[in-house]
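Next up is a structure, given as structure tokens.
Chain naming follows the written order as A, B, C, D, E and F, and within any one chain the residues start at number 1.
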Amino acid sequence: MSKKPKKLIDKKGRRLDSRKPNELRNIRIEVGILSNADGSAYIEQGKNKILAGVFGPKEMHPKHLSRPDRMVLRCRYHMAPFSVEERKSPAPSRREIELSKVIGEALEPSVFVEYYPRTGVDVFIEVLQADGGTRCASITAASLALADAGIPMRDLVVSCAAGKVDDTVVLDLMDTEDKLGAADVPVAVMPNSNAVTLLQMDGNLAPEEFEKAVNLAMEGCKRIYDLQKEALRTKYMAAKQEEEVKE
Amino acid sequence: MSKKPKKLIDKKGRRLDSRKPNELRNIRIEVGILSNADGSAYIEQGKNKILAGVFGPKEMHPKHLSRPDRMVLRCRYHMAPFSVEERKSPAPSRREIELSKVIGEALEPSVFVEYYPRTGVDVFIEVLQADGGTRCASITAASLALADAGIPMRDLVVSCAAGKVDDTVVLDLMDTEDKLGAADVPVAVMPNSNAVTLLQMDGNLAPEEFEKAVNLAMEGCKRIYDLQKEALRTKYMAAKQEEEVKE
Amino acid sequence: MSKKPKKLIDKKGRRLDSRKPNELRNIRIEVGILSNADGSAYIEQGKNKILAGVFGPKEMHPKHLSRPDRMVLRCRYHMAPFSVEERKSPAPSRREIELSKVIGEALEPSVFVEYYPRTGVDVFIEVLQADGGTRCASITAASLALADAGIPMRDLVVSCAAGKVDDTVVLDLMDTEDKLGAADVPVAVMPNSNAVTLLQMDGNLAPEEFEKAVNLAMEGCKRIYDLQKEALRTKYMAAKQEEEVKE
Amino acid sequence: MSSVITRVRRKQIKQLIEEGKRLDGRGLGDYREIKIEQGVIEKAEGSARVLLGKTEVLVGVKVETGSPFPDTPNDGVLTVNAEFVPLASPSFEPGPPNENSIELARVVDRGIRESKAIDTEKLCIEPGKKVFIVFVDIYVLNHEGNLIDASALAAVAALLNTKMSNYEIEDGEVKIKQGYTPLPMKNHPITVTLGKIDNKLIVDPWLEEEQVMDSRLSMALNDEGNICAVQKGSGGYFTQQQILEGMKVVQEKVAELRKKLKW
Amino acid sequence: MSSVITRVRRKQIKQLIEEGKRLDGRGLGDYREIKIEQGVIEKAEGSARVLLGKTEVLVGVKVETGSPFPDTPNDGVLTVNAEFVPLASPSFEPGPPNENSIELARVVDRGIRESKAIDTEKLCIEPGKKVFIVFVDIYVLNHEGNLIDASALAAVAALLNTKMSNYEIEDGEVKIKQGYTPLPMKNHPITVTLGKIDNKLIVDPWLEEEQVMDSRLSMALNDEGNICAVQKGSGGYFTQQQILEGMKVVQEKVAELRKKLKW
Amino acid sequence: MSSVITRVRRKQIKQLIEEGKRLDGRGLGDYREIKIEQGVIEKAEGSARVLLGKTEVLVGVKVETGSPFPDTPNDGVLTVNAEFVPLASPSFEPGPPNENSIELARVVDRGIRESKAIDTEKLCIEPGKKVFIVFVDIYVLNHEGNLIDASALAAVAALLNTKMSNYEIEDGEVKIKQGYTPLPMKNHPITVTLGKIDNKLIVDPWLEEEQVMDSRLSMALNDEGNICAVQKGSGGYFTQQQILEGMKVVQEKVAELRKKLKW
């Protein structure tokens, strides 16, 4: 953060961590890793380490927040005090409150909320280590946690950002690129229907650059979608095996 | 605030803004200016700019605060962060909490609270700009907002302060007079019955000065009462005209 | 607090306030001194001055905290801002929250909680002046307040600390001994059954020292138990006399 | 709330007052028995306990150093806070100050501040930088009515009992010296509260009267007999005539209370 | 909440929009009437009131001195806060900011910050020590829908209206001098919000449309026509196609709004 | 709360323990499997993850500079905080720390503080002005019982893993230099918790046993085998005899746990 490196992309078109512009960071996903949550998932994307847990469908507390015709999905995005350079107070910041809202709104369209009227589902996201793009990785993990909880869903939601660094549109910005780059465009999508459920942007992009960034982010989402499905499959196979062993 | 002017009243008996001791500031009142509140009013008194909005009678939340034999009137007096010299935190200060209480208690005797048992009425007051005497102007506006909401009332409540500046008892103190003067005596009254529903004082007054100040404030109240009734009439006529146009 | 005295125990084995190692401070207890609480007690132990008041059994607020098979005992330990050297903010500190919990847990085993299902009892403790050992003196007083409220109880709970000062295990540490000593071991007990309902410790004690400290604290408890019973008797006699006078 | 009064009791209180009598045998203009005890909290710089009948208020004063307000760089700071300690009444809830305790603190504060009771200029250590801050903490220990008068009286009694450490300035740092100085006091405001029940004014309303009364009026008078703070409270109203009448009663009772407060 | 819409009304709104019409007679791409009034709060360093139909937002700007952030020692500080004043809507509760008012404040903040609207380097008084802090307080006075556009517009109008006291540095202290300087502005972001109802995009949704619409998309454009902030909100989704289509509409409407904002 | 245990299950647990057995096959004095992993959060100065069966606790340590406490001007500052992360248990609610998480943090804090585990004098940069502050954040990720032992173990493991930036003092300012130094540690407290079920003592109670047990007793022992912190919790009682008996068990188990913690 102290001094701006001369170049975020070198002469060979490589980024600070030697990725190509349209390359994702390493991603590792695990589903069903918490014993108390009804569903859970863990994601590592670059140095991001994020846990998501889901409780529900269940009775709403307080009751007056329940809705007669649908389930209410609540989401809390929270960062551990040690997840960032300078210790963060555990009290929710304004940024965390906004992200909780937009992440919840990004997940909700994927859920058949009308199946369980008057109930609630809580999605809890804990960022254990943050390195840029936490909201996207959180959505990717939280959607898996919802699936793991058996909540009926239209599709998984998968999320990835693109942005502009130096003069190049790049995929999946890490922290330094996010802070020193020109723009960041996080996108979440249900790939089956191409429905964009999260779209934010800050920075400075010409309209054509913005279009390019959205397209690249969607491209990234599709690649992560495969990893999501693979992680679900792995969990399912493990659960099946376990059952068979029991029998 | 920085330096005390030598004199708050000049040789000709004129105050800093060239008013005579028993002269009110310019007052402008409008009734029914908000589309969502059940009743509303706006007052400018000198540089004070204050909005009042009323919601109710309605079900009480939380329920246990309702009363089986009467309506509960709740009042919130609040100052905008930009309403004063130095930015004020939007969180309610101890002063705002006290004023919310005494303003509510000044308004309540005018309302037939027994007409709507188990219900609540919320009075919200927002001081957009403050220049001394905001509690009085707030009461004047809030009482009109209650009337505009159709709450059954014995009488309007009208309020005005008197005080002592240099050695003179004066009417309707503005901010500088309030801060540098010797005493401030805000009074609220239902003029029909001469019932004083708010009386506060801070400063230093001999008993006879106090009596004089109360009398002068009551005198000021009566003059503002005429403006209140005029504002109600204007609103009523406008509403009537609108209806006739519709028909 | 500024400078550590060379010795907390002098050559003759006397402590800073000239007590012997196994000597209690002066204790004064009064029962039934508040007119609004259902039960109350006041204790002075050294310079500690502590009031305890009990309300209940009564309906729980909020209701969802009530338990279908038992009474819920809630406890609040709170220090007055002026009770300590440097003014304490009246908002509850983490220390006060922990002590409220352990004091409540020390009192609960003495109460027949199953006699009044769905109800609650509130124990309020106010430390007016603190001089070391406030949690113990609070328990001693609060248990009397519960008895004074007529709550059915197995036994009184009585509490006292022992600790290590210089190289000696001593009874009933005062503030300076607590701060400069080597260890503090507060103990609460129901003397009839020798049931220890509170046990904490901080400092550094060899196992045999710890055992010795626990034994000494229990010994102190027994002596205070006599004062507790005496105080109850006094209250009872006074109440009886009052009644007789009335008749 | 267990302190709600029955309809029968209500009627009884009103009827008696109509006849100029009160349930507890007092006349309309009588205070309950008043006890003032100073120096009850040795660890505080000042303290006082006031009993007004069964109403009990403890005030502790702490004196610390801190920054002055920017607009009064030469004045010490006065801070008044009131805690409605939950053991004092079933109607008090634990938690942060509510509108009632804030009103109480601010009424007591105004009496002290507006009468210039404390010589705040003498509390300045280094202009604009360091001054003494006087914390007045009102602790309501038993609520049987008329908390304002009990608290105002206890606050002044505690301030009169307050001693500050002597100090020296050494290299810009405050060094505590041996010995104590009393807090510099210039005035001694006394507050008297009236209740209005069916157009009768009563002095020192107790708990049940507070639940019956239509309105309340408190006035603080300084040593010179001037009014320095007024607060009408509790809904209801007073006529102009009742205010002036009340002022006379207050003047009388202040003189009476002032005798209890030795300084 | 009394602002919940009936099923009949809901159907009516949707049907009309299907036909390219709106309940209040507007076309899908029309704004309600816009009024901008600057300098309405004389005591604030800057202020503006925006009426968007019946939606009313007041923004006040205060400029004070304070410390810069450690990582930007040469820059003044921008702080945007939004209050959902309870008299503006039965759905607003008194209390600390909630997720809705925080989102509003942060969206407006991003538009101003990312477009570099304020020349924050000119707000530095003493690098790393003292800078000007610009407080932008959004006060929603009447909520009839599309608070984002009204607030963003009012914020920029208020900043354009903001004047700061002249000052000198004397012995490390800031001394206020006579006269005022306008707040240094470099850009003027304009935000346009679209609603999506059954795959139709509408501009400037009002309250009832907000209750019917599936999703919302806001974009802020700077003077050069570049995008500087985007926020999709309110659940639902947009297709990739709709986003690009929406961008075109926004570009058009920004040009229109920009004319209303004189500077 | 979905974690409430049925009456049948309760009976079963008690019966087994009566017979010296446990539901999960352990003996009364056995710990669940323990895994300690250090350095799991690269961005923190120190970190460790402890698995106690399925109970999972992550501790992160941050080291920052700040002011010492006035009464210990030559000592660095230790701050322990515990978060009951809501995804760890249906009984955890999001929000500020409650009495349970505060108790946990304070018990872990006492173990570290009273055993003088950290050499706080070595954390002093400039006496009375600047010291290192060590933030120990306990993050409960999965709650299957015995949070105290898991947290205390993870805290010490994280502290042992903590490295601080090297620094120089230049003109009174702290300048970060290249390289790292390990946090100066002098002792390594180990905490063991016992549950009491019908007069039997068990080690390392898991979630369902916690719901059945009458009382809980935790003891922290330092490297010399001395007791440095004790906490009885969860209602109920211990006899004097049980306390001494428990102490013996704790001594034994501490030796066992100590082997898991390499340093």
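What we mean here is this: contacts are C-beta pairs under 8 Å (C-beta built on N, C-alpha and C of every residue); 3 or more make two chains touch, one makes a residue touch a chain.
Given the structure is predicted, the values throughout are model-derived calculations rather than measurements.
Looking at chain C and chain D, not one chain touches each of them. Counted as hops between touching chains, the shortest connection from chain A to chain B is 2. Seen from the Cα centre of chain D, the chain whose own Cα centre is farthest off is A.
Relative to the C-alpha centre of chain C, the farthest chain centre belongs to E. Taking each chain's centre as the average of its CA atoms, chain B and chain C sit 51 Å apart.
Separation between the centroids of chain D and chain F, computed from CA atoms only, is 48 Å. Centroids of chain A and chain F (each the mean of its C-alpha atoms) stand 31 Å apart. Of all residues in chain B, none touches two or more other chains.
The residues of chain D never reach two or more other chains; the list is empty.
The touch graph of these protein chains is a ring, one cycle where each chain has exactly two neighbours. The ring of chains, read from chain C with the first step to chain D, runs C, D, B, E, A, F. Looking at the complex, you find that chain C touches chain D at residues 34-37, 40, 47, 49, 51-53, 55, 58, 76, 78, 80-87, 90-91, 122, 124, 126, 128-131. Here chain D touches chain C in the complex through residues 2-3, 41-44, 47, 54, 58, 60-62, 64, 81, 83, 85-90, 94, 96, 135, 137, 139, 141-144, going by the rule given at the top.
Listing the residues of chain D that touch chain B in their complex gives 71, 97, 99-100, 102-103, 105-106, 110, 113-115, 217, 222, 225-240, 243-244, 247, 251. Within the complex formed with chain F, the chain C residues making contact are 1-2, 94-95, 97-98, 100-102, 105, 108-109, 185, 190, 193-207, 210-211, 214-215, 218.
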